[in-house]
């Protein structure tokens, strides 16, 4: 509890609405002595920032993060380090155009949280989706930057978009470097070229496309996570499902494992230990095995479209709604850095939990 | 926290190993005044019980549940009701054959938690998987029986197996009644017939099969759940991912939504409100919409097979292991009642959380 | 968890250091629809504000609070109301004189958290006590203002200073109005006059005085709180003990009850119900009885004194330290509004928890 | 959350009523590899057991504890050790005489939780106080036994009764050995002799007496605990206040500190570090200092008396009630081992939390 926090020792609480003065988060439980400056976090925010290509929302937000607490240049340190106190991060909203939303003040946009929020609370901030806006995810990306520093250089968390609109990459062509060369977080240059066409067409059609993001965490030692309701994959599932527009999460082979034969799904072991496969995505019985932790996340296509949709308003009247705000034609693209950040946060928390209960920083192996 | 509890107001803590004297759970936060007897819970345990057909483990466990606290026949009540105090439930283990496991005392069975547990804790109860055994799920089924009573007659939670080994049901043939007529929780008689053949073949081959379970909760009012890290689907994802052998969870259209066009994924609305589709599986922005809540869960095929697999032991030595204990050739089958139970528990918790924060038992509509 | 949050449904997370750019808090779980403006909170902050008399610290902080999220003037509301989203509050630090602390950068001031923080974290923000400064309590007072609105007009939470330096008030002379007429939160005019002399003398002597604060919450219905580790008085004790300089908390007769005879300590009842006494301070078995909830809190004298004290520095060297910053000669005085705020927050949380579990807004009576 | 659990990593959940079949608890988060047998716990239960002298309740409960899970004799260990899985403990109720309570089935005994429970839940288990019975504390004592093993031999937690009925011990005569020689947990032989007379007289008068218990934890390293709402003394206050009949908790000098002069309350330091006094009871700013952690707890006299008291029943009718069950004339006596157990549990939890966040098992010094 409550509703806007996650994690246990490394615990993140976020706040803010799309069109309020700012958004932010408080990161509690961070180990002391971690060197941390705003530029460490800005790096990751810049990768999620809107307005960087025609394939993402044209909202112009610099997403400049400020550290308001929890960091100090102690007389024993070379520069600012975390003090163990809560780290408050704040990002101003500078390009919110609330007027874009005046027309839909009383309207429940289909596929959005509008109706559900109103049914729950009896009141809602309609401007840009209010609290349910994907703008909130900027704060997670900032928190994820801290989580990466807690994990250290030994753990690498990277996400890629592996399918858009049902068109999947060729996994044999996977190149992490390629991700930096296209605006889609796509590790396959050929797929990126096809997606460019597909997204231009979708925009032309007044439509949008779904996507699948894959995240891999390398360097996670065996032993993180815990039975039974503190499983590493359980916490990952919750964290990844909390991202806007996500409708599914799978670990390792995921749903494909349900079609497998038991003789091929076991991830046999040889001395090392090494594993002959990674069907289980680096997690067995909720605990990391030392293999890469792999998850895939399904993003639905955004429902914010310039095409008229059947809807109702707060008074129950039927009408049609056309969304005219600035939106991502494929929310999964900017979802990739958010997936990375959530994965890093969950891992950092489980590192500290494991150390707390067992006194072991890592695997016995 | 910690690791063996889930839920917030309606909070379940489970304990016990496969081959210990008993397993059990404590259900805290249950509303007072709910009529409750052991037979209310036994009904659901009987549906999960092992040994009921040749397609599930032959371990003979009566799974008789005892209520040790939290229920009393108050002078104002007609019979035993919950008192608001924690409800302690206990189930004896009566047919554990620990000897079956002597051979693997030092062996890490591939695909199981053996290695991961040892890497984490440096110690392990090897008998029948110890804490990581699916036997633990009996306690959740008992807790789920209480959750159903909290939800009341207005909410119906039902699961079905919709695919085994990659062979899916015909959804047009769906019949909830059919589930009671075959040993597979299968709503399609024709698929059930095919699965019987497939499972007999898998057993003959010394193999096992994966499965997909679908759960539907009807009658959930709009307004349960919460942004952003307390989402109804986030808690469902965590709860369902915590079930043994689960590798994926999806809500509504799930991964299929990632291939959809935005114009068809929005669940348009008409007065009522009614929805013209349910791509979002009854949850928008983490809050229930009043539509049926729908999730699908991927179970991998069990790794406990009578076929030799490459493995290592605690000393790092390579060897082959063949599992001779009594096991489910398709763990997804007995997973169905567990999926129901977890869904009921998550919903009961969100009902109480919603009532707590807002004072509203249900939707404004 | 973690360390800078309290409450369960009504949950407050605070952040910030004495000499950072700002302090603040996030209030999560607030019911929706509560009318809320900054002036509602400013009222309470002004009562805690430093620099209002010569008997409190001369630091000049306007303590202007800003609401950054969670409040919106919905088209159905007359003005801004809470939306159910987290409420972020921020207060700028405008009069921090970090230079005052340069001399003690490496010194552990006795009676302060300096040594303990460094022993724990190996790093510390020495400026003004950093995170351990009583400045943090301003954020609680702001959160308490929201809690009061959640509790509504039926519940009144008021604190008074009942002893300073061992000189207690005459309880027969108790007047709540008198509290507004002296700078000591003292309900007894005669005691206030004596305390003025005592505090002037303490300042002259380079010393400080302890105090006892008493808080009363009237209008709390029977039924709030819960056995066994969720007791209303347990949560009050934790919340009040968390205030800087507090060394003791008692409920009702408190320590005096330990000297009582069982025949006089029972709070006998008559129809109504009415109680013939309130030895138990409105709480029995952890649950409110409908009587006023009464607690008393012991504040030690501040250790920040212009008198030399024996101390050590970070390198373990012995030295003497004299504190020259601006400090409260009696921290209990400005503790009174903090005690009120913490009490209001705990009560609001238990109101929501009670409503969540039982569906009852108040007592059956 | 919820209401019957405490602790964060080392987390204890208790269940059971005075007259149900059993009481018990689940200890989650215990580090693995801790040697543990039932006799380790029985030792502490025997010290709390009823019926051991005429000065405590004559209920005859052997309080035999069973370990149902979480412990296993691994092939690498010499005997049973904790596995990291939840430890389920159970104690049968064998001497509950529910008939003693038939007369008060509808009566609210003054000073007990009867009315408050009914106001909250609308239902209650009247037999022996149900969930609010001090019998629940046996489970904490068992959990405390595990906590002591987690803390290790370096930390010693000991409680003493320092006052009964307002008659305090002579602190100069303090002898820990003396505690084993009298039935009052009294460290001063002369006081023990006086208390024997006083308690005999109280029983003769149909009355009861309150008590003050003092607990000291030696060997706690500097650095356990945390600002601001995770303070070591805040958690101690909550844990100790949760014990039946407790009305006050103070740390170090406690309420006496409120009468002190700031020049004497600071606990000045010399190299070592050593402290010249311990006014702060081993805790500064919520974090341990390496000095002994000292707390005092006020127990009210029990309200269960053979003397008629004015009361009402469930229907609001006025009547007189005389308690005829078997009760402790001074509940503080058997409270002493419970105070020890709660202190040990809180310390074990903070040890693990500190290790989790900082990676340091103890102080930098």
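Letters A, B, C and D name the chains as they come in the text, with residue numbers starting at 1 for each one.
We take it that a residue touches a chain if its C-beta (ideal position, glycine included) is under 8 Å from a C-beta of that chain, and two chains touch if they have at least 3 such contacts.
All values reported here derive from a predicted model rather than from experimental measurement.
**Q** Return the chain pair with more inter-chain C-beta contacts, choosing between B-D and A-D.
**A** Pair with the higher count of C-beta contacts: B-D.
**Q** Select the chain at the greatest separation from chain A, using centres from the mean of Cα atoms.
**A** Relative to chain A, the chain with the farthest C-alpha centre is D.
**Q** Suppose each chain is reduced to the average of its Cα coordinates; what separation in Å results between chain C and chain D?
**A** Once rounded, the distance between the two centres reads 26 Å.
**Q** Suppose each chain is reduced to the average of its Cα coordinates; what separation in Å results between chain B and chain D?
**A** Each chain's C-alpha centroid was found; their separation is 38 Å.
**Q** Where the centres are mean C-alpha positions, what is the separation of chain A from chain D, in Å?
**A** 45
**Q** Two-or-more-chain contact residues of chain C, please, as numbers and ranges.
**A** Within chain C, the residues that touch at least two other chains are 1-5, 8-9, 14, 29, 32, 84-85, 117, 120-122, 131, 226-227, 358.
**Q** Considering only the defined contacts, which chain A positions touch chain B in the complex?
**A** Going by the criterion above, the answer is residues 1-6, 8, 14, 108, 110-113, 115-122, 131-132, 136, 163, 165-166, 202, 206-212, 221-231, 233-242, 244, 247-255, 257-263, 265-273, 276, 279-281, 283-290, 298-303, 305, 307, 309-312, 316-318, 332, 354, 358, 360, 363-365.
**Q** Considering the complex alone, what residue numbers of chain B touch chain C?
**A** 1, 8-9, 29-32, 84-85, 226-227, 352-353, 355-359, 361
**Q** Flag every residue of chain A that touches chain C in the complex, lowest number first.
**A** 1-5, 7-9, 11, 13-17, 20-24, 26, 28-29, 32-33, 68-70, 72, 74-77, 81-88, 105-106, 117, 120-125, 130-131, 314
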